[in-house]
Each structure stands twice: as C-alpha cells, then as structure tokens.
Amino acid sequence: MYEQMWMNVSTKAPLVHNITNYVTVNDCANIILACGASPIMADDIREVEEITTICNSLVINIGTLNERTIESMVLAGKKANELSHPVILDPVGVGASKLRTDTATQLLKEIKFSVIRGNISEIKTLSKGTGNTKGVDADFTERLTDSNQQEVIAFAKDLSKRTGAVIVITGATDLVADENEAYLIRNGHPIMSKITGSGCMLTAVIGAVCAANPTNLLEAAVTGVTIMGISGELAYEKMIKDQAGTSSFKMYLIDAISIMDTEKLMSRAKINGNTLK
Amino acid sequence: MYEQMWMNVSTKAPLVHNITNYVTVNDCANIILACGASPIMADDIREVEEITTICNSLVINIGTLNERTIESMVLAGKKANELSHPVILDPVGVGASKLRTDTATQLLKEIKFSVIRGNISEIKTLSKGTGNTKGVDADFTERLTDSNQQEVIAFAKDLSKRTGAVIVITGATDLVADENEAYLIRNGHPIMSKITGSGCMLTAVIGAVCAANPTNLLEAAVTGVTIMGISGELAYEKMIKDQAGTSSFKMYLIDAISIMDTEKLMSRAKINGNTLK
Amino acid sequence: MYEQMWMNVSTKAPLVHNITNYVTVNDCANIILACGASPIMADDIREVEEITTICNSLVINIGTLNERTIESMVLAGKKANELSHPVILDPVGVGASKLRTDTATQLLKEIKFSVIRGNISEIKTLSKGTGNTKGVDADFTERLTDSNQQEVIAFAKDLSKRTGAVIVITGATDLVADENEAYLIRNGHPIMSKITGSGCMLTAVIGAVCAANPTNLLEAAVTGVTIMGISGELAYEKMIKDQAGTSSFKMYLIDAISIMDTEKLMSRAKINGNTLK
C-alpha cells in the first residue's frame, strides 16, 4: 500500500499550494518537486482562492506569520474545504507567542484540516491552548518515550476525534494517528533537528502524498513520515561517509527523496502500526 | 560574440536590481554572483528608484506578488526606463490567477521591457490576456515542437514587435526572438524542471548578461539562455556520475555557471540562429 | 578563551532571534544551527517582543527592509535592551538608499547595540550619515589596507566609544574593536564575496556566540569572525579539491561551521590582537 501511495505522487504529479514561511520555502518547493509533485507558493489574498482551486492540496505553515498571510490562510483553507482538497497544517512555533497561538486557534476554528503535523509541544499547545514551547523546538520533558507512549497515543487519538484531522507528532519516534488507529514510525535520525526546515519539509511531503491519495489520508501521512525518515537515514549515512556537515546533510536529504524507490521504502520502513490498533 | 558577451559580465561586474519572489531569491542572487555580476534585492517602494539608479539592469519577477511589491515594480521599472537600463520581466505563473494576469498586463502597459522570459503558456497568456497555465509549469499541449516551430517563431516575432522586447520562450528547445530574428537553442536537460527556480535563475542570468551588454540585447539573451542550458547539461552529468539527486543538481548548476569558460561555451553551444533569420 | 567561547555555544544551545532579510534567511538559520544554537525568525510586530523575550540574543539585519519590519526591529530591540540581551546590527547596504540610511540612523538612536558588523563602506556610512556604498559591496577605495590600518582602527574605536557597541569591519582583513582594544583577524578567503550572505551569516554566527557569552562581547565577536574566516578557508580548500564552484563553496562553509572543533580553531586562527592594544 505504501509503495503504491508513493508511486501515485509521481504518476499523478499533483499540484500542492503552499502558504508558508520565507525561511524554508525554497526547500519545501524543492522537496515537493523531489516527490514528483509540483509546488505553487502564493499568499496574496487576491489570488489564494484561485490558486488553491487549480491545486490538489493545500499546506498552511505558520512559520513567519504576518497579518497579510493570516487572512490568506483562512480564505484558501475555506476554499480548499469547499473543494474537498486535503488541507495540512504545520503550526510552527505555536505557543511561542500569543499571535501564533491565537492564529492556530483561529485556523482550527475556521478550517477543517486533513492532517496536522508538529512536534509534541506544538501539538499539545494546539490541543490545550497552552503549552511549553521553547521556540520552534520541542520541549524535552514532553518528548514521546517508551514510558509515555500509550498516553501520547491516547492524546493524539482524542485530538484527532475532536478535529477530524490525522495527527502527526514527530520526534525520535514519530506518531501518526486518527481517532481509531495509531502508527509509530521509527525511522529518521537526530541530525534532522540540526537543519532548519526538517519539519516544514515533512509537512510539504505529506501535502504531496495526500494530494495524490486524497481518499486515504491516514496511510498517506504514514507514507510521508516514513519516506522522510528513511531519507534522513540515507542522508546521514552519506554525510558520514563524505565526512561532510549539516548543509551537505540537507542536500542529501532532498536528494534521497528525489531518488527514493519502493525497494528502499519497503526494506527500510519501520512502521509498527498493527500492534497499535 | 557570445564569448565576449559572457566575459563582459565578469569584467564589468554590473549591478543587477531584482524585485523578485521569496521562493528562489537566494538562488537568483547566487547565480548572478556566479556570473560575475552583483545582485541587489530591494522591493520597498521608498527605495526601489534609488536602488535601480545605482544598478545596471532591473529584473522583475512576479513569482510571489503582493500589493506592496507591485507598486514597487512599476516605480522601479519606470525609473529604469528613464535611465535606459535593460529591464527584464519574468511573468511567473501568469494565467494561474487574475492577479497575476492583471499585474503582468499592467506592467506591460507601464514599463517598456527589454526582455521577457517565460514558458510558452506564460508567454501566450501575456500575449492574449488568456491562456492555459497549469500553475507555474508549461501546458503540455502548448510546447514548442518540430511541427509547430514556425508557428511559435512567428508568434514570438509578432509579440516582440508589439512590445519592443526580446522574447525568450523556454522549454525542451529554447527560443529567443526579436521582431526580425529568431534563435533556437537546443541546450539544457529536462531535469531542470525538477528543481524550483530554473526559470527564475535563467531570467536572473539574462539580467546579468544584459547589464553587461546593454546595446545588444538579443544576443545577450541568447548568451544567457545558452550558458544556462550548458550548465544544466554539465550539472546533470555530474549528478549522474555522483549518483546524486535533484538538490545536488541545483548546486552543480550554480557551480557550473561560476566556473563556465568560453571553451565550454563554444564547444557545447547548440545555437541554430542562422537558419532562422 | 576562544575555544571556551565556541564550546559554550553548543553547550548552552542559546536561542537567537533574527529579524532579517528574505534573501539569506535560510542560510542564517542553518548556520546558527551549525554553531550549536537555535534560530527563531519572527518579524511580525505582534510577536517580536514575546519572541525576543524567550531568546538569548537578537540579530537585526536590514537587508530587505520594509515598513512592517522596521517597526518590529525597533520594538524587539528595545525589549532586548530591557532584558540586557546582546543585540547585533547588520546594516546591509546602508548608504545605498535614503531608506536604509534613515532606518539605520533611527535604529542606532532607539536601540543600544552590542555589536555592529558591516563592511567598511557600511560602517563609514553609519558613522558619518553619508558614504560611498556601491550597493551591498564595499567601496574599493575604502578598504582596510596596511597603509590605512591605524586610521581605520582609530575610527572603529571612536565609533565604538560613541555607540557603546563592539565594531566589526569585515574585508580582506577583519577588524574587531571596542573603544579600548582592536583585533585584526587575517582568516577567510576572497571567494566569500562570491556568494550572497557571507556577511549576513557572519552576523548570525556572532549573534550565536554572543548569546552564549553575553559578558564578553568583544572576544565573542572575535571568536565569531575567526570561526567564519577559518570555515571559509576550509570550504575553499574543499571546493578546489573537488573542482567545484561557488554553490558548493557555500555548502562547505556551513558544513565547516557544523564540524568546527577547537583544534582547528586554535591551529588556524590568525588573531593579532595583542600587538594592537
């Protein structure tokens, strides 16, 4: 199933509309292309509805919010909802400021999201309207561990039930859940937190996979998370072999997505879904 | 001639003013530097006229339009016209929204462009005020092929006559035309469409070559297109040799520009201009 | 001392708030991560005070100014002053337009900066309210040379006395001075001017080192400048060995920061501070 979902991206070559931050926007566009989809970055209030109409999914990322783009997010999100396009939210740094928390809350109220992806601090803040977000990184005391796993899964399922969205919580182990099922994915590498945009790029990848597989969003999200994790591993291996650093790692990560094949996907995926239903 | 025009860029080291999108802006700045010119990115209405005054050419790219930057484009364009600086337009995604089409139309009305570069869908939209733009990529049914070549050339020459601009239509084969002459350039590689910003970067390169060769814009545009195509070929060869992916390709592309020499240019250029006059 | 200051960055992992331009923002974020610190890019007026409060230093870069961000710079700067966080100014292209000169003047009036970094044209413009800035590059006639060294040092010490900030003037030789002491750093490579953002990235690195060493800003700035210069040398050596170009150089530069160790720092540093007191 995951192989098929991945192949669908390049076969269907969907368009992904992104309203995103100016820090990682280039990497997000390139990783969507590396998946085999096409990105459009457009945030002006006068065009976002038209742009989202010609696309197959919408990714909203609140990384560098401003008044102008918040309105655009709401408009585009409502239009995407109307057209039943998958809408993916990345609540970057929510909890770090009232603006971000208020905006995320407003977006959740006005838009029905298909997938929400963040680290555990961000997702907790979203859920509770409060949390301990240390900037854009996860709070260590809130990380998903073996001991709090069942608790975090229950939390994610509950949030999914309340929002209708697939919940993706990324960390050392990644969790993907809807209200009924949860998947733990144990791919990836800690060095991914040493470049900016690992999270944003994953959200963009999920946007691409969902655009190509709109009727199966839970597994589409699992596919995106797994592909990204495997690519992180491959990129890390290449970085070490080349005695390179983190900027090379970022390049190898996008490279790995662009040359990902189903054999690599199936041989390296560490998805423990079945045990968690 | 082309070698001389290329060498003029590093010899004269002109300044290129860019009002451009936030997606590919870093790559555009770096590729201008790789050419041997210097970029300035500035879009605030209160400084664009002054900035364009100290520069040698102006590149206007409508990739991520907003109200603030549209006014700046008009002001800067008029000032550049006044100073007889080459002004290059990249109508990214025109046709994908009314905002982009209206803006491009307005820019064409208020500014005299020296060169306009787009894919065939974008250029057709510009010409007709309507078209089938699928996002920021070209529409397949409109691509330049052997069978419609004479028709596309006639179209480009006519548009050049109406606008006074050199018209650059990029695709598998690239076309550069003014009202009298047309050049077909058969360099480049399809993988260039698998990174974001190939088009924007080419427009920036044209901006650099025109800044250094303001009295011969047709051949300056041909030089830019050819240099970019050859660099795409070299980058692709290196990517394959390294078993790398699309992010490496982007890096190798800018690398290739930065180490381009006249020997590579002359031995690899596939310019079939003479047969087309 | 320099080794200790460098190690403090990864040990303390401080947060660095950046209000910066959209051209080099991704590289600035990645180089801060490569140092072992964490970046937050946020410029909306409604959140900058909160964001700066949770951070350990603030970097203000005027590369792509607009009305919206200028107000945010002032607010964030005042808040950072209130909290005694180091505040670093990069007056990119000051002198190239009235907007930039006026803004820099206003920022200097309203905010107390800990460190100001620019090329000699920018720093002279800041100092005199006038200067010969050729876009964002330094004016050749104003470069620091052996013959004008004592004059430039006296100028920097005087400006430091007047502003209270450590002054960093970068060029072939870099100068770091407060009102009493001056350091000349002879690391780096001319190719650093062939990529966009060398200056912005250095300012970001200084922001990271100052955040981790807030009580010794002069030596923190020297550490940042030296680390960047050595990384430029290492990146250049690798570029030549790989027969690569300027885009590879940029990647190797950030790579070098991410794998910098105290042995490389101490064996390659060319800091001639003692002779200059």
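Read from first to last, the chains carry the letters A, B and C; within each, the first residue is number 1.
Assume contacts are C-beta pairs under 8 Å (C-beta built on N, C-alpha and C of every residue); 3 or more make two chains touch, one makes a residue touch a chain.
Because the structure is predicted, anything quoted here is derived from the model rather than measured.
Taken together, the touching pairs cover every possible pairing of the chains.
Superposing the C-alpha atoms of subunit A onto those of subunit C requires a rotation of 120 degrees, given to the nearest 5.
Computed centre separation for the pair subunit A/subunit B is 33 angstrom, with centres defined by C-alpha atoms. Among the residues of subunit B, those touching two or more other chains are numbered 22, 26, 250-251.
Those residues of subunit B that touch subunit A in the complex are listed here as 21-24, 26-27, 63-67, 93, 96-100, 134-137, 194-197, 243-248, 250-251.
By the touch criterion stated above, subunit A contacts subunit B in their complex at residues 15, 22, 25-26, 29-30, 33-34, 38-44, 46-47, 50-51, 54-55, 68, 250-259.
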